[in-house]
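Chain IDs A, B, C, D, E and F follow the sequence of writing; residue 1 opens each chain.
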Amino acid sequence: MTTVLEVALRIVLVLGVFLVLPLLVGQTEHKAMAHMQSRLGPMYAGGFHGWAQLIADGVKFAQKEDIVPAGADRAVFKLAPAVALLPYLIVLVAIPVGPGLVAQDLDAGLFFVLAVMAVGVLGALMAGWASANKFSLLGGLRSAAQLMSYELPFLLAAASVAMAAGTLSLPAIVGAWQPWWLIWQLPGAVVFFVAGLAELQRPPFDMPVADSEIIFGAFTEYTGLRFALFLLAEYAGIVVLCALTTVLFLGGWHGPFADQLGWLWTLLKTMVLAFVVIWLRVSYPRLRADQLQRLAWQGLVPVALAQLALTGVVVVVT
Amino acid sequence: MSVVEVLFVLLGIVAVGSALLVVTTNQLVHAALWLVVCLGSVAGCYLLLSAEFVAWVQVLIYVGAVVVLLLFGLMLTRAPIGASTDLDAGLGQRAVAALTAGGLAGIVITALVDAFSGERIDLGGDVSTGSSASAGSALFRGWVLPFEVLSLLLLAALVGAIVLSRRDVGVEPEAADGGPT
Amino acid sequence: MSDLLLPLLLAVPLAGCVALLVLPGRTADRFALPIGLVATALTMAVALWSVFAATPYNASWVPSLGLRVQLGLDGISDPLVLLTAFLTFLCIVFTVRVQPEAGRVRALVGLVLLLEVGMLGTFLALDLLLFFVFFEVVLIPMWFVIAQWGDDTVPGGRVRAANTFIIYTLLGSAVMLLGILLVRAKTGTFDIAALTASGGAGMSSNVQVLVFLALGLGFAVKTPMWPLHSWLPDAHTAAPTIGSVLLAGVLLKMGTYGLIRIAVPVAPQGAEVVAPFLGAFAVVGIVYGALACLVQRDLKRLIAFSSVGHMGFVLLGIATLTPVGINGALYANVAHGLISGLLFFLVGAIKDRHHTSSIAELGGGLYDRMPRLGGLLVFAAVASLGLPGLAGFWGEMLTLLGAFDPAPGLNRGYYLTLMAIAGLGLVLTTVYFVSLIRRVAQGQTAPRWQQALLLRDATPLELAVWAPVVALVVVLGCWPKLLLDATDPAVRMLLGG
Amino acid sequence: MPLLMPLLVAALLFSIGAYGVLVRRNAILVLMSVELMLNAVNLNLVAFDVWLRDALLSGQVFTLFVITIAAAEVGLGLAIVLLVFRNRETSQLDLLTELREEPSDPAGVGTAAR
Amino acid sequence: MAGTQAIDYTALAPALVVAVTALGVLVLDLFLPAGRKVVAAWAGTGGLVVALATLLPLVGDTRRTFCVPATNVDPVSCSYVVDHLTLVFQVLVLAGAVVVMLLSLDTLRDSRIPAGEYSFLLLSSVAGAVTLAASRDILTLVVALEVVSLPAFALVALRRFDSRSSEAALKLFLVSVVSTAVMLFGLSLVYGTTGAVHLDRIASALARSDGRLPATVLGVTLSLAGFGFKVAAVPFHFWAPDTYSGAPVPVAAYLSVVSKAAGFVGLAVLLTRGFGPYADVWAPAVAVIAALTMTVGNLAALRQRSAVRLLAWSSIAQSGYMLVPLGSAAHGAGSVDAVLPATVAYVLAYAVMNLGAFSVVTLVGRHRPRNAIEDYRGLGRTEPLTAFALAFALACLAGLPPGLLGLFAKVVVFQAPVEQGVGWLAVVMAVNVVIGLYYYLAWAAALYARPAEGARPPSYRISWSDGLAIGITLGAAVWLSVLPRMVLEALR
Amino acid sequence: MRLPGAGLAKGLAVTMRTMTKRSVTDQYPDVKPELPPRSRGVIALLEENCTVCMLCARECPDWCIYIDSHKETIPAPEGGRERQRNVLDRFAIDFSLCMYCGICIEACPFDALFWSPEFEYAEFDIRNMTHEKERLGQWMSTVPPPPAVDGRAERPKELDAARKAMEKAAAPAAPPAAPVEAAE
């Protein structure tokens, strides 16, 4: 009975985190982006500096009419948001927050996480195709192409850490982490983070949803809650990516008073990274499709391979 | 039947059912999506068989890469929304194929039942056989050679795919002198 | 030195062939005929020398296959080797005078030399596989000779005739190869001498039947035995003169030689079982050949069909499995080689002059127009029908004698019947040759030839070529002992007694 | 768990895949059917591996290899399909007949020899 | 790292050299100026020659590497074994690849196929073939087989704007993946019933089992499929004619010789080293396949008017001949070993003769893209040596003197069924040999026929790389016709 | 030589610096913006000045000015002959089309159109964005006086008119009197 309760508790907790953190990131984005552009951002909703803006947005989305285009493949169209969102929810299960503080310690946790995240691309493809809209299809195809090419450096960089730690279990990787890894794994960390951004289709890698060209890519035809789910998926993706980067490269819960405040460290690092995500969005212009591919194949992959080699050498030597 | 067995039967039914839909549906993209379901449930089967590592690899590569590539291909070849009429061969060939496949299934199942009925997989005890650690060590203890050859395979496939997609490869028809008639 | 004679015998024409192949174009074109003449003449000389002085040659070639270069000469092969060398030489000489219409003398001479290598090799080989190899060597040159220098008067054209020839022969030899391999599988050797000595030991009776059938089929196609003869008329008719001469004069002999040299001694029990059938087919061939000749309208075709009949006698002789019969077969072999060679030379000459070989178009009056040619034609025809005193007689005579008293174990009554029918065939042969003489040689010259200016009688060179043949036909007809003395001991040895 | 359970699933998957290969006319659908067959193979291998308690883990390693091979095949295969599509505007297999046997010529090579 | 396998780099050298050359070529290509990409192909050829040289130290003893420790049932088993069989095929594969590379040089220059990638793909495939010859476990076998196949798909499709080329690649690809899947299913069953993946262990497990388990029989039979595809055996042969005629001609040569040889070595290794004890199960199946293959191939070849298609169908027929010895293996391991040399000998001979034919066909194809038999008419008058090379190769393929190489090879093959008592197969083959003769000879005859009325007799300027390729193959064919021991006793 | 990535870092620095600085955003609905004089907010119509010459409507690039009129005969005064004049029936500007170019104002030869800085006239219905002449006239009161061209020049007429209007309006404490009345 206790185990059932415990599992339920964990699931509720994960669900809670899943719902809260993306909102937090979203709100941060609103405000930080505004200030970076010399604006104030939302100010009214909820009173103090518009803290409830996203909730208001949510309510608005919920009220909107749910439109399915006439020519669409209805089943696929309706399923797509869920497919896009669910993987991130599932992934959170395996991410350790503090020592022993993880919903489910998986032996091949890293693999699990990467595998499940890779499924997310299906959502964009399904949405793009099922909308019966050429902009959507283009967006979907762009998503798929982008995700396929950035998957490789993403995996390679992750593999480098796994190799360094000698394990695939996420808590074990954090456990094995040493501060000097910050230097050692720096190229890998950068590659991982950048490739992750690209996988999330965040600016400057938002070619697939480039509004000036193809409206909103795969999500053009979506309205109301389904659209909200896609947005939620994006912000959940940011959380997951940042948490993963934290766990893999920034030492997770390591920090002063790690025993008591470990979870705080993890959250803090995650949020700092999330801020970086926003920061990057504001600072850089969108990459063209060819620049995107070139960055992946000529930039990230070689660096990731070099990192892998470096890791291998160091592991063998020490 | 234990819980595991019940789960396995359910997953098996899902896998076989979705596989049937893959080969019978007349909507191109749905076939690919049913394939995802099938592959996913097979991954579940691996999990139940305690082959955890394989299961995640299955999800990562099959669902994450292979099916996405397939979908990508479908969309680039302008898969239409809705049913297509020209996906399958004629009724006659379908009947022949069904007979062939049925016969094949019959033969294989008969042979398998003959050989393995009564055998049980012991899932208790040492459950680490499917872990990433054991898979990794097996890979590097017994199978370094095929692993290395495989890396050449992947590289070759990569280069091949790229070279086939390059625009500047091969003589364009108008440039070719004479050309095949 | 004497043990290198036989390789030398093969090397001389081969050297000529290679020389023609590798020499730069102009030189070879100019010297094609001289080289051919020298090579064939040398070959003939070496052949003569070999018959008296050669000792067997034995060297390993492909050990894994058990293939050895085993060459040897005995009474059976002596006459055939000489015949081959002789006829080839004559053919080359003939070519000096009669240049082929299609030109390319160099290629033709080269091919004939290659052909000679194959033919000689076949008669010399004492290793089953080596025999097979040489047996096959003749195919491609002969195919080219027919397909490139032949004429298109036959139905389907010369290429079709050449194709029919090669396909039939190859079908036979493929089966023959299986037989050879079966022999090897059962006895472990390809050595013909050893196999002859052991007389089928190691092979059960059934296997022997199988072996004999397989080998026999290959030889029967080549011979050709009725009903496998249908390639022959087209091939002969389409082939150029020297092609026909070599085809009838030597190539057909390779089949019967193979039967005598290999099939019968290697699988004696098999031979005993199959012999009655062989005899039956032989006799049918004799009658069929004669009947077919009666209705032929083409001179060349007629002579081709007459070969079927003659080879029927040879086969009948073999089918008796007696020394007498086989000696007769060998005798008939050589005789037919000479006579039909001569016939084809003559017909070729006639055709050369008239540009047709249709009997109807030629009309009568050959005596009138070209007395020498006409006379020779009549001589050859008479020799061919087996007039006593000429070479053709003894072969048929001995064959019939053999059938009169076949080997023990064979049904005598049955063979007597065969003999009777063969006698009937002999009569028919006489009928068609006489009728031929009447239709072609005698009578009035048709008006269309009277004006023709180019109808020259036989030239001195032609006569020089034909004269030795005529002489040999007469010599063999008057003095059979010359040949029989050579063949008889060898035949008796083959038959294990 | 009875060994037959995964094996039966695999056998069915394989047969279904074979049916798809025989019936489908679209190159990509054929490819999908092949993937089903490969999955049957993998399920077999994993089941046998676990059943045998293979010390070398041959079955599972083999499965990993098969999955990788499949991925490489699909990658290259799609490049080819797209190439065909670009040249031919179709990926229907039975419309690809440019290379079919030429109409028979009874004279055939025979005429060439003349 | 502890527990990893010891590696004998000497044994591995040929495969390594080829693979490293492949990578090197790819890198080198980056640094070459646009006009001089052919240098990459040269480097590749050089690498192949070096790989050939690295075979020298391996002659003689048997080397094993990548071994797994013994269990209480099985002795030490190794994944990579360089024995005599391996060496013979490695020589064949490497030498064949050198000729193909030579033939490719002009094709690369004319058709804007990127030389670097082309060489890389070809070398990768060759590396796979070299590995395949030494593989002694089913994992390595399968992986190596795929390494042979995959680059070949890309090679076939390299003429990007030629829809025939891509269609050819697609057909090749689909047949390949289907046959691979079937083969893998068979292998999985074998693994299940024997519990082993190393061929020697499979063999001993099969030998231990009493009776014939249907599941094993099924597994063994299905396992043949993948190799059946590679060697273009019926019913996996459909790709060959289309693919050969759609691909660049040197690639067709590669497919029909090197890749096919790889298929045969895989098949031979699998059947003899692994499934030997089940010879009575697979041999009849192989026999039937062999008979069907040669018959279908020959009958179809009769109707062909295009040189490459004719060679394609005829090479299917030739595959049938090569399968004959394997198909006549009867009970017991002894007979399996007895028939293996025949297959090996025929594969070797076939490689020489078929490469010879393809060398000339490539040359003619450069000038006559249609490459019909008709285009060869009168070649003997303008290009006597080239025509002779082709004629000789055809005579060899037909098995007629003066092509003694082919004749002896056929004799060796005939010997197997005759000795093992599979007479019907020998007879079927005999009939087929005769059918085959027809089209080979008709083609050879066309070479020396008078050119058609008004047709310009073909006359070509022969580049020295083409000339070298033709020379090598012709020289080898003539040399081996005179001294066939090297081929026929390759395994002794 | 520039460090690779220097540009990227610079970009980040710019955004970060901007974020740390105080935003200069106007809290508009709470705090009214201080618009510069002569801001182009809305167009006001001084109906009396309009002669229905149609120049503005013709010049308008967007065709967003609608003018209707009719002719009216004025009875002849003594000795004179009767005259005709145009009477404006409708003058409307569709601000959902207007692009605030100001050409109409430039074009008006009779000073009937003016810029007003007033901008808060959003509507829930697009149809209401078409301001009829009454509404346009009301905007007249928000039109600021034109700047003096010359400091010592006599005061412009508008100022006097406006002041008079203001005074007039201040007396009855009525809604701001339309300058229309004060114009004469």
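The rule is simple: contacts are C-beta pairs under 8 Å (C-beta built on N, C-alpha and C of every residue); 3 or more make two chains touch, one makes a residue touch a chain.
None of the values given here were measured: they were computed from a predicted structure.
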Starting at subunit D, fewest touch steps before arriving at subunit F: 3
If a chain touches subunit A and subunit F alike, it appears here: none
Longest centre-to-centre distance from subunit E, chain (CA-based): F
Of all other chains, the one whose Cα centre sits farthest from subunit D: F
Subunit A and subunit D: spacing of chain centres that average the CA atoms, whole Å: 35
Centroid spacing, where centroids are CA-atom means, of subunit C and subunit F in whole angstrom: 124
Computed distance of Cα centres, subunit F from subunit E, in Å: 89
Where subunit A and subunit B are represented by their mean Cα positions, the distance between them in whole Å: 28
Contacts with 2+ other chains: residues of subunit D: 7, 14, 17, 31, 47, 51, 56, 58, 61, 65, 69, 72-73, 76, 79-81, 83, 110, 113-114
Multi-chain contact residues (two or more partners), subunit C: 147, 159, 163
Set of subunit E residues in contact with two or more other chains: 1, 68, 139, 142-143, 146, 150, 153-154, 157, 160-162, 164, 189, 192, 442, 445, 449
Residues on subunit A engaged by subunit B in the complex (per definition of touch): 71-73, 76, 106-108, 111-112, 114-119, 121-122, 125-126, 128-130, 132, 137, 140-141, 144-145, 147-148, 151, 167-168
Sites on subunit B touched by subunit E in the complex: 107-108, 110-112, 114-116, 137, 140-146, 149-150, 152-153, 155-157, 159-164, 166, 168-173, 176, 178-181
Touching residues on subunit C, where the partner in the complex is subunit E: 25, 62-65, 67, 107, 114, 118, 129, 132-134, 136-137, 139-140, 143-144, 147-148, 159, 163, 166-167, 170-171, 174-175, 177-178, 181-182, 184-185
Residue ranges of subunit E touching subunit B (in the complex, touch as defined): 1, 3-5, 7, 19, 22-23, 26, 66, 68, 79-80, 111-114, 117, 120-121, 124-125, 127-128, 131, 137, 139-140, 142-144, 146-147, 150-151, 153-154, 157-162, 164-165, 189, 192-193, 213-218, 369-370
Of subunit A, residues touching subunit F in the complex: 32, 34-40, 43, 279-280, 282-284
